[in-house]
Structures are given as C-alpha cells and as structure tokens.
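See the structures that follow.
Look for chain A in each of the two complexes below; its partner is chain B in the first and chain C in the second.
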Partner chain A sequence: MTEIISESDVLTDFAVREHRSLWLDAWRRLISNRTAMLGLVVVTIFILSAVGAHFFWTYDAKTDLDYSSKLLAPTLRVSEGSTEAHWFGTDKLGRDIFRRVVHGGWNSLRVGLVAVAISLAVGGLLGLLAGFFESTELNKWESAGFMALVAGGLGALPAWIARQNLQIVLFALLGVVSVLRPAWFTGKKWLRTAAFAGLGLLIGGLSGLWVAPAVGLVCAVTGLAIGLVTAKPLNGKLFSDIVMRVMDVILSFPSYLLAIAIVAFLGPGLEKGMIAIGVVGIPIYARLARSAVLSVTQKEYILAAQSVGEAHGRILFRHIVPNILSPIIVQATMGLANAILSAAALGFLGLGAIPPEPEWGAMLGDSYKYLSSGAWWAVLYPGLAIMFSVLGFNLLGDGLRDALDPKMRV
Partner chain B sequence: MGRYILRRLISVIPTLIGVTLVIFMFQRLIPGDPAVAMLGEHASTENVARIREQLGLDKPPFLNRDALAEGDLAGFFDSQYVRYFGRLLQFDLGESIHRRIPIAETLKERFPATVELALLAMAISLLIGIPVGILSASRRNSVLDSTTMIGSLIGVSVPIFWLGIMEIMLFAVLLKWLPSGSRLSTGIVIEPITNLLLLDSLLTGNWAGFWDAFKHIIMPAVSLATIPTAIITRMTRSSMLDVLQEDYIRTASAKGLSEKVVLFRHALKNAFLPVITIIGIQAGSLLAGAVLTETIFSWPGIGKWVYDSILGRDYPIVQGVTLLIAVIFLVVNLLVDLSYGVLDPRISYD
Partner chain C sequence: MKPLMELIDLTTRFHTQDGVVNAVNGISYPLEPGEILGIVGESGCGKSVHALSIMRLIQTPPGEIASGKVWFDGRDLLKLTEKEMRSVRGREIAMVFQDPLSSLNPVYTVGFQISEALILHKHMSKKQARERSIELLNLVGIPEPQKRYDAFPHQFSGGMRQRAMIAMALSCEPKLLIADEPTTALDVTIQAQIIDLVIKLQSEINMAVMWITHDLGIVAEMVRRINVMYAGFIVERGDVDDIYNKTCHPYTLGLLRSLPSIDESPGTKLVSIPGLPPDLISLPTGCPFFARCAFRVEQCRVERPELEPVDNAGHSVSCWRWREVLGANAA
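And now, the complex of A and B:
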C-alpha cells in the first residue's frame, strides 16, 4: 500500500514542472540567445565604464587643455613630454579623446535614462488611463470627477472672457450634477437637454451681463454650448479620444525637428535636451500602453476582477499593468538606444551639452571641421562609442522581445 | 470608399488645427520679440511699436476680451491667432524676418532639393531592403540571414551624421572622388523644369549636368537611406516569415511551383501590407527634411533651412516649414491608410 502511494508521488513529481517564475523563464530564454547576450555584454560594459569613470576617474572638463599636444594621432606608446599614452589620440585642444569618450558615456547614460523616464511616466500613464477608460465603464465618482473637469475646463473660456473665475466652479458643479442626478427629467430626453442648456445659458449669461451686455451675450452662447455637452454625461471614450488626438498632433512633427524646437525654446544644455527627447517620445509609449491595455481588458481575468467588484485602481495596477509590462520593457530598452542617438544628434548640432562638457555628439560636432587636416581619430572614436552603445541596447531590446513574448511560453 | 476618404479627410482637420495651435504657440513662447529681431537691437521704441502694429503683435494672442467688454463684438475675434489662421487659409506663409522674402518663394527653390534627395534615398532603400528582406526570410537562420539581421541592427544604430562625416572623410577628403556639399558644381547649369536636377538634366539631355548632380547627391542619399533600408529590410523579413508559415504557401510548394513563384507571387503579395505602412512612415520622415544629413552635406533643402532659421531666430520660416512638414506627414499617413484597401480587397471601409 505504501509503495503504491510513493509510486504515484513519483509520477506527479515527474508531471509537475519545476516551479519557475515568469521572469526567470524569460531570463533563461534571454541568456540562451547569442545576439541578446552580446547586447547584454555591450550594455554592461557601457554602464560599468560610464558609472566607474564618473565616480572613480576624476576628470575636470573645464581645466582640460594642453595646446602642446594638440591633434596627436592615436598611439599605444607614451610620447615624450607626456605622462600617458593617447590611445585614441587628442583633439584640437590637446585633450585625450579616450578619456573624454569614456566620460561621455556617463552623459549619454543620464540622457537616456532621464528621457525614457519622462516619456514612460507621462506617455505610459496617459496610455494606461486612455485604454482603461475606453474599454471600461466609469463608476459614478469617476464620471463625476471627469464631467467636473470637462465642464469646468470648458467653463474656463467664458470665465476668462468675463474675468470671473467663479464661473469655472459653477460649470464644474453643473457637470457633477448631470452625473449624480441622472434621473432629472429622464422621462423626456429633450426636456433634460433643454434644462441643462438653460442652466448653462443662465450661468454664463447672468454673470456675463454683470460685466457688459456684449460679454453677457458671448458668455450666454458658450454657456449654452457647455450646458448641451453636460446634458449627456460623457464616457471614457472621449477622454481616450482627446488624449490620442493630442498624441497625433505631437506625432505629426518629425521627432528631430520637434526636439530642436523644444531646445530652442528651453535654451541649450544637456538637461534641456533630456526634456526635449523625453517629450518627443511620449506619444510612442501612450499608443503602446493604450493598445496593450485594450488587448488585455477583455481577458477573462479582468472581467472576473470587475465582476467581483474590485476597485478600478486595483484592477489597473494589480492586474493590467503586470500583464502589459513586456512590450513596454522592450520599447523602453529600444527607447534608451533612441534617446542616446537623439542626444548625440542634438549635441552635434550644438544644441545639447554645452562645451567643454564631454558628450559624444558635441565631440563630433567640435572635431568634424578638422577633418580636412586629417584628424580622423577625433571623429572616429566618439562615433564608434555612440554606435556600439546604441547597438547594444538595440540587440538587448530585440532579445528581450523574443524572451518576453508570451506566445513562446509552453 | 468615397465616404471613407471623406471621413478620414474630416478627421484630419482637428489634428491640423492642433498643429497650427502648437506652431503658433511656439512662436509666442520663444524668448525674444520678433519686431526687435527684425529691426535689430538698437531700434527706437516708436519703430518697434510701429512694426509690432504692422505684424499685429499688439493684438492679444487668441481672443480680444477687452474689445468685447467695450461692446465691440467683431473686435472680439481680432487676435494674432485668428489673423495667422486667416493668412494660412489664403496660403500666405508670411515672409522671412531677415531677408524679407516671401517664404513660399524660397520654398519653391528649397523643397525640390529635399524631394529629390528623399526620392533617391527611398529608391535606394526599396531596391536593397525588399529583395534582401525576402531572401533572408526564405533562407532563415542561414549565414545570409544572420548577416542581414546584424547589418540592419547596425543600420538603425549608426548615427547618420557620423556616417555622413565618415563618407566625406573617405570619398571627399582622402580619395577626392566626390564633392562634399551643395547640389551642383559652380559653372554647371541645368535648365530648370521640375527643379529636380537629375530629372531636369535627363529631360534636357544634359549628360555633364546629370553626372555632376549625381556625384553631388549620391553621398547624402546613401547616408539618408541607411535607416530606412535597415527598417524596411527587417519589416520585409519578419512579415515574410509570418506569411511563409501559412498553409497556402505549403500547398503552393507541394504543387511543385518553383521557389521564385511561391516567394514573389504567393508570399510577397500577402506580406506587403505591414511593409507598406513602414514605407509610408519612412517616406514621410524623409520628405519632412533630413535636418542632420542636409546640414552635414550643406544640402540646400528644407531641413537645413529650418535648422538655420531656428538658430537665426527667423520664426516665420520655422513656422511655415514646420506646418508644411506636418501637412506632408498627415497626407502620407492618409495615403498609406487608403492603400490598404487597394492592396487587400478583404479590408472594407464601413
């Protein structure tokens, strides 16, 4: 008897797979992929050298200047009168290019991380909310808040015209009322519409008349329009539409041009470049997050969570976010590559890092005028540094896409 | 179909208005007064005020609430944005601050340069990207395939301005085979017909001109083509791989059709839809002006123009060209959407 039980134990043991988490699974697939490993190695070298140089290899860009060793060709030997070998040569100010390339990595890493963080935080959150509210009914309080925002936001126009901020509050209240008291005149639809239009007309018109007759007229007309909008409580689809339309507008500008324009507005500098690149990336994450959410919200486990009455915030962050993480991780990895490339482009155009700050793009822009004098090393190495770090993140992102693809899970 | 086109056209309008708003606000937000920029730092206050009035800068940006409070209903809409929008409706892009030349006029010279460069770059990337993508999909995991994949990843990772510099160093500085900037050598004249130099010189039978224009355009076109080539190759490959797993491909092969027929007649047709989308996006961004490539090769197109104008704070040019670029983007997107219906009869628009 005991023997039989133990035998069946062995059998179940054999049938049940060793417990592995989702992430461990993905990790194993990642390290079994040769190109992804190559990417991981390149990225690791890049990060370690950048961080190591920043903290352990002192470099002061402002005092680094030595005209006596200007534009020296790369060599592995220590030349006379110098304390170190210039492996990558020196630039027009006699600065060691190897040292500057390694230190430039820190700046590129910073730009990449901050820019991706900006796009991911803003775009990801917008896309998440847009996707969720597009596919899920708003509850009463969410609708009330949303309608207060819509009506109050629209009410800002007549309020601005008449210089009466009170109107914003009144219109926001009208929006709240339209949600919390949906039973008003429900018997006759047109009656409800007329009632809200009339209320809007009164709010705008009366407070506008206070200022001047013409102002009263304009405010009454806008108030009427706002009343018509509030009469029929809007759903989350509108929110999603507005967000995605704004994203469309951002996307209809070429990314480099938009980044250049933002930097022109903010002024040059590495930090401004980070913001510009981050803003330009927002729509990508918003679209990605929205479509990922839309594909998840009709799954059984979300419907189940909804039917047992879980709060929306909990559904969103406990059930939806973990399930849309993989495409976002892949995009963020590729986004790092893109941000490094864009930062280099801005630096090259003289709009990124301010010299003498070591930044790969700025180093290229600085040195390419000396090309005709044959100083190829001054442009070759910063360019290679950009290329390899970008390539590393792209390889890694590619590998992550394969590793995280749920379709491949057994 | 007709109704769908109309609906898509109408849906573009809010985006376009949003674009004009952004462009308009950009000019308002940038530090510095356009009137001062026009007259120079030392202009008298009266002159600045006069120019401000001429440009309508004394008006409020969006709506004139002061006029309304005084009972002037029509004056309510007399604002900078409304004036700007009104001028746009008459296709008036304004004039350059520094050179006082209408922007539309310079655009007529500059835009063909960008179009020519973009078309050649697109042609290069299609001629390389699609065949290589098909081949590497059909020989999956071969040496050719992995070389293609790594090559295309390098293609999207290489900074194109650096690639351009390297080309100049090799072909212009070291080998002295190719010129490193502008569209034509001095002294060469090509009779303008379309302002696309390669086409014009062919039409007029001007072989010396054609050769010279070709030598000037080839380096910028190759560096501009790098990224689209890499992207189109990857897209063609992955799309073909999806299709090659379908049952009808196995059936076609089992019937004994040659590999060529299966690949090009059965697979390619069905794999082309995602490729078209990518081509559209790439074409849009190429036409939008390659700021970096044009700057490095001193190519007199709209990308370099808008970059120079941002640096020179000539904002009417920036506004005008940016608007044109945004419109091109929207039109290309629309064309891509419409081409789906032509390429795939299963897609209906209702």
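And now, the complex of A and C:
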C-alpha cells in the first residue's frame, strides 16, 4: 500500500532559501569581479597611506627646505649629509618627493570627498525634490518652502553682485509670503504681479544702490525678474522646470573654465578649490537623481505605499531614495576620481593649493620646467600618483555599476 | 441600510497635450457595508481611474478630480485635507494592485512592508507589528510565515506576492478593499485561490470589496452586484443574475456574447463587439456606445441616455432602447 505524504511535509519541501540582503548580494558580486577588486585595492592603499601620513607622519611644508640636496635622483641608499634615503628623489627645493607625494594624497582625498559631498548634497537633493514633486500635488508648506528656495536661490545672483547676503533672505521671505498669503489681490492678477515685481525691484535695487548706482541698476533688473517668478502660483512642475533650467545654465559652461572662474572669484586655496569643484559637479547629480526618481515614481510600489497612507517625506526618503542609491553611488565613486583630477588641474595652474602645501597638481606645475634638465622623477611620481588614484576609483566605480545593477541579480 | 460609500457625480479628467481626456464622466452609485461589487469594462473605460479617484491618488498634474462627491462613512473624501486623507488610506480603504511583481518595494523585506502599515496606523511597536504580520502572512496562506517574513520580494512567486499584498491591504482591517484587477497577471489556478481567499477573508472581517476586472467570468462567481462601465460612464448596474439573464444594455450583451464557453463545438467563432471605444478627448454628444451598437436609432446619436431603473431591485441601465435589448435577449 502506498503511503500518503502529509501536507506539512510537502509544504516544508518548498525550500525557503537563505535571505540575503541586497547589499550583501552586491558585495558578493563585487568581490568576484577581478578588475573591481584591483580598483578596490588601489583605492584602499591610497586612502590608508593618505590617512596614515596625515595622522602618524609629521610633515611641516613651511620649513621643508634644503638647497644642498636639490634635484637628487631617486635612490634607496642614504646619501652623505642627509638623514634619510630619497626613494623618489628630491625636487628643486631639495624636498623629499616620496614624502610630499604621500602627504599630497591626504589633500587629494580631502578635495575629492568634500567636493563630491557638496555636489551630492546640493545636486542630489534638488534632483530628488524636482523629480518627486513634478507629478505630486504640493501642500501649503511644501510650496512655501520651494518658493523660498527658488526666490532665495535666484536671489543669490544679485546678492553676489551687490555683496549683500541679506538679499537672499529677503527674496526667500518674498517667496514665502507669495505662497502663504495667496488671498492677497485675488481676482486682480495684474495687481498681484505688479506688487511682487515692485517688491523684487525694491529689494534688489536698494541693496545694490548701497554699493554703487550701476550695481543698483543690475540688481534691480534681476530683482524684477525674481518678483515676476514669485507672483506666479508655484506647482511642482514649475519648481522642477526652474531648478533644471538653472542646472542647464551651469552645465553650459565648460566645467574647468567655470571652476577656474569660481576660484578666481573666491581666491586661491585648497578649500576654495573644493567649493569650486563641488559647485561645478552639482548639475550632474541633480540630473541623475531627477531621472532616477522619475522612473521609480512610475513603479506600482510607490502607488501601493501611497495607498497605505504614507506621507510625502516618508515615500520620498524611505521608498524612493533606497531605490535610486545604486546609480548615485556609482556616480559618486567616479566623481571622486574626477574631483581629484580637477583639483590637480587647478593646482597645476596655481589656483588650488597654495605652495608649499604638498599637492600633486601643484608639484607637477612646480617641476615640469626641470624635465629638460633631466629631473624626470620630480614629475613622474606625482603624475603616477594622480593616475593610479583616478584609475583606482574608476575601476571601482565600473565594478560597482556591475555589482549594483538589479538586472544582474540571480 | 445606510450605504458605506456613495459616489455622486464623480468626474475625473486628465489635461494632456492633445486635449482634455474625460476618463470618468459623472458616475454615481452606492456601496453597502460588506457588499462585494464588481466593476466590469474593457481597458481604458475608467475602472482604475475611478478607483484611484476615490483614494485621491490621481497624479496631479495632469489629472484632476473635476467634480463630484465621495461620501464615505459620513464624510466627503474629496473635501478632506491631504493629512486626513492619509489616515483614510490603508486604514479605512485599502487597495490591491494589478501587477504583484512591481507592487512590492524590492529593497525591503516583505514582512517589513506589511509591518509598516501597522506601525503607521495602529501605532504598534516593531515587535507587535512583526507578530501581527506573521499572523497575517499565515492568514493569507503563505507557508512558513516566520521564515518568509524576512524574505525579499524577488524570492516570492507572483501568487505569493499577491497574497502578501492582500495581507498588507488587510493589515488594518479596512472597511473597503479595492482590488484593481488583482488576478490579471496570475495563472488560472492561482486566480481561483486568490478569489477564494478574498471571499473568505471578506466574510470574516465583514469588509466591502470592490473587485475591478475585465473578466465577466470571474465576477459571476464572486460578486453580488455589478457595475458595467463604458467610456467613463456606468452603462448598466444590477445584481449578477439580472446582468446575466435580463441584460438591458447592448454593450453588456456584447461582453457576455464574447465570453468563450466550454460547451461550444470547436471551430465556433467568438463574437466580438465591432469597432473601438470612443475617443475620450472628444466624446460623442449622444450615447457613447452609439458607433458600435446594433440597436441604435437617431435619438441615440443626439441625446445621451441617463441611468434609469429597470425594476425595483436596483437594476438600472442607461440606454434609450433597453426594452428592445431585453426583448431580443429573451428571444
């Protein structure tokens, strides 16, 4: 007689696999990818040496000077009259290049991280908001906040010209008033438009006049434009349009040229370089985040989250953000490489780090003149450092792209 | 009995580049507590849009709920603030969607997503929510719910995902469940399981169910009352038996005739309704079904029929010639 198998046995037969999280899955795919691992190793060496040098290997760039040992070729032996071996040789001021390359890594790492953080925070957030609210009805507080952001953001231009940051605050207030008091002048559209245009003109013009009549004129015109924008009722589509057009304007400048212009305005220095590189990168992240959000908001699980009664902020940050993280992570990794390269370019032109601060680009700029006299080591090692760090981040970024691609899931 | 929900003249439009799309054109009907209502119609007839309008989940822009009232438990849902509406969604009206493959968020575990509604509306602690979610997973027939709680959606089959969605929808014991073609993406055996599951749960917690589908065969076995929709209008409404046996609208008749039957001899051609539904941007002034109707007369072209009662049992139809349709059907 055949035995009948009980139902509970059949059900457990239905295998329950181990539940791996998405991140663990991605990590496993990453470590099985050889080139990505190569990138990861290079990046790890770079980060460890930079951090280690900064905290455990003291170096005072201002007192590092020894004319007696200038432009020495690389050697593993300790030469006469010197206390240490110059593995990478010395430069025109007799400074040990190995030491400066390792310490320069800390500066490059700092520039990369801060610049990407600036681009990512500003660009990512703007793109996120623009994408999500493009097809979502704004409530009163959201539209007041966005109007303040738009008016204040646009107001930054006249504020910059007139050197009066108070303008940003005043324009932002104008934006808030325009949304929270929409009942003013209702039914008389032209009156509302005229009132806001006039207020914008006044705010811009008066604070510009404080500096000079010509500045007052320019600021009055921009203020008028901002007044006209605030007079319009704001919806998500308009907000998104304004943000993305501003991003287009930034993108329309060649990125190095814009970075140089910003540094020229802010003055030289590594910190100013970070800001310049960060600002130039904003539109990339804004566009990326917006397009990713637009595709995710079409998914049914967002509708499902709404139908459960979740609020805008919760849907945006708990349901949308985790789903767009992978392209952002990839872009940020590639962005680090790009920022290191841009910092080196600025340093080479003498706009980034102030000498004698060790910085790879600045070291190249200092030493390329000595190539003709045979001092190849002064250029080669900083150049290799730039190349390997950029290559490492790019390889890692490529590997991450493959590892995080949800279509690769098995 | 006082209806749980009453729609009055609900109108939803979409403002597109080509013009204004009249997706839902002034529909009105009551829904009683614990009732199972079927909404039937072909693709693009406004079934889903009218359900999303009730939940106020129409994308604005381009969508807009132009007019009407949705009385639910003594309040007009369209007049509530967004915040009040959020506490209605999920807690009083829940929804299950068509595509179970994309209606769960891929980055969170299934259990977490069910717990979320419980934490949000019932203010449960994480631990309580976990226990309740496991109960719910068990209730909808998912084997080994303790282990499945921590599974990701991609580890579930389509049928299991839809069960999980139903568990999520039922988590706060809503008064109304809107099921928007929940079985369309599933195969027939799973379809039957899901339908049985919903009917069983419906009678247990006495909620009303609105079952949206294009399949008259499915609704026949589960619902009590049917709304037949066409081009954003309700063209016929009544008890299942009346709709099937005393069909009064030519469109309903067409739908019924186009159902394949297992008794038919092989080689019999299926009857289809000729033509296409009207362009929702420029609706005809007369009856929207005019161009495809076998019973049309001059009056149908110029005058749009209103929903009028056929009998006292709640069977109503919007057709000038329903008596002739009924007669032809009986013959």
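Definition applied: the second predicted complex is superposed on the first by the 300 of 410 C-alpha atoms of A that agree within 3 Å, B and C clash if a C-alpha of one lies under 4 Å from a C-alpha of the other, contacts with A are read in each partner's own complex, and residues count from 1 in each chain.
Just so it is clear, a contact is a pair of C-beta atoms (placed from the backbone, for glycine too) under 8 Å apart; a residue touches a chain by one contact, two chains touch by 3 or more.
Note that the structure is a prediction, hence the values are computed from the model and not measured.
Undergrad: Tell me which partner A:Tyr301 touches in the superposition: chain B (first), chain C (second), both or neither.
TA: second
Undergrad: Which partner does A:Leu22 contact after superposing on A: first (chain B), second (chain C), both, neither?
TA: Touch partner of A:Leu22: chain C, not chain B.
Undergrad: Per the overlay, which chain contacts more chain A residues, chain B or chain C?
TA: B
Undergrad: After superposition on the shared chain, which partner residues are touched by A:Ala264: those of chain B (first), chain C (second), both, or neither?
TA: The answer is first: A:Ala264 touches chain B but not chain C.
Undergrad: Please work out whether A:Asp398 is in contact with chain B alone, chain C alone, both, or neither, and reply first, second, both or neither.
TA: After superposing on A, A:Asp398 lies in contact with chain B but is clear of chain C.
Undergrad: Check whether A:Ala311 is in contact with chain B, with chain C, with both or with neither, and answer first, second, both or neither.
TA: So A:Ala311 only meets chain C here.
Undergrad: Going by the contact rule set out at the top, does A:Leu341 touch chain B (first), chain C (second), both, or neither?
TA: Touch status of A:Leu341: first partner only.
Undergrad: Can you check the complex and tell me which residues of chain A touch chain C?
TA: 11-12, 14, 16-17, 19, 21-22, 135-137, 139, 235, 237, 299-301, 303-311, 319, 322-323, 406, 409
Undergrad: Which of the residues in chain A come into contact with chain B in the complex?
TA: Of all residues in chain A, those touching chain B are 35, 160-163, 211-215, 217-218, 245-246, 248-249, 251-254, 256-257, 260-261, 264-265, 337, 341, 344-345, 348-349, 361, 364, 368, 371-372, 374, 376, 379-380, 382-383, 386-387, 390-391, 394-395, 398.
Undergrad: Please name which positions on chain B make contact with chain A in the complex.
TA: 14-15, 18-19, 22, 26, 29-31, 63, 65, 68-73, 76, 149-150, 153-154, 156-159, 161-162, 165-166, 168-169, 173, 285, 288-289, 291-292, 295-296, 306-307, 310-311, 318, 322, 325-326, 329-330
Undergrad: Could you pull out which chain C residues touch chain A in their complex?
TA: Residue list for chain C touching chain A: 55, 57, 59-61, 82, 86-91, 94-95, 97-99, 102-109, 116-117, 120-121, 143-144, 147-148, 150-152, 154-155, 165, 168.
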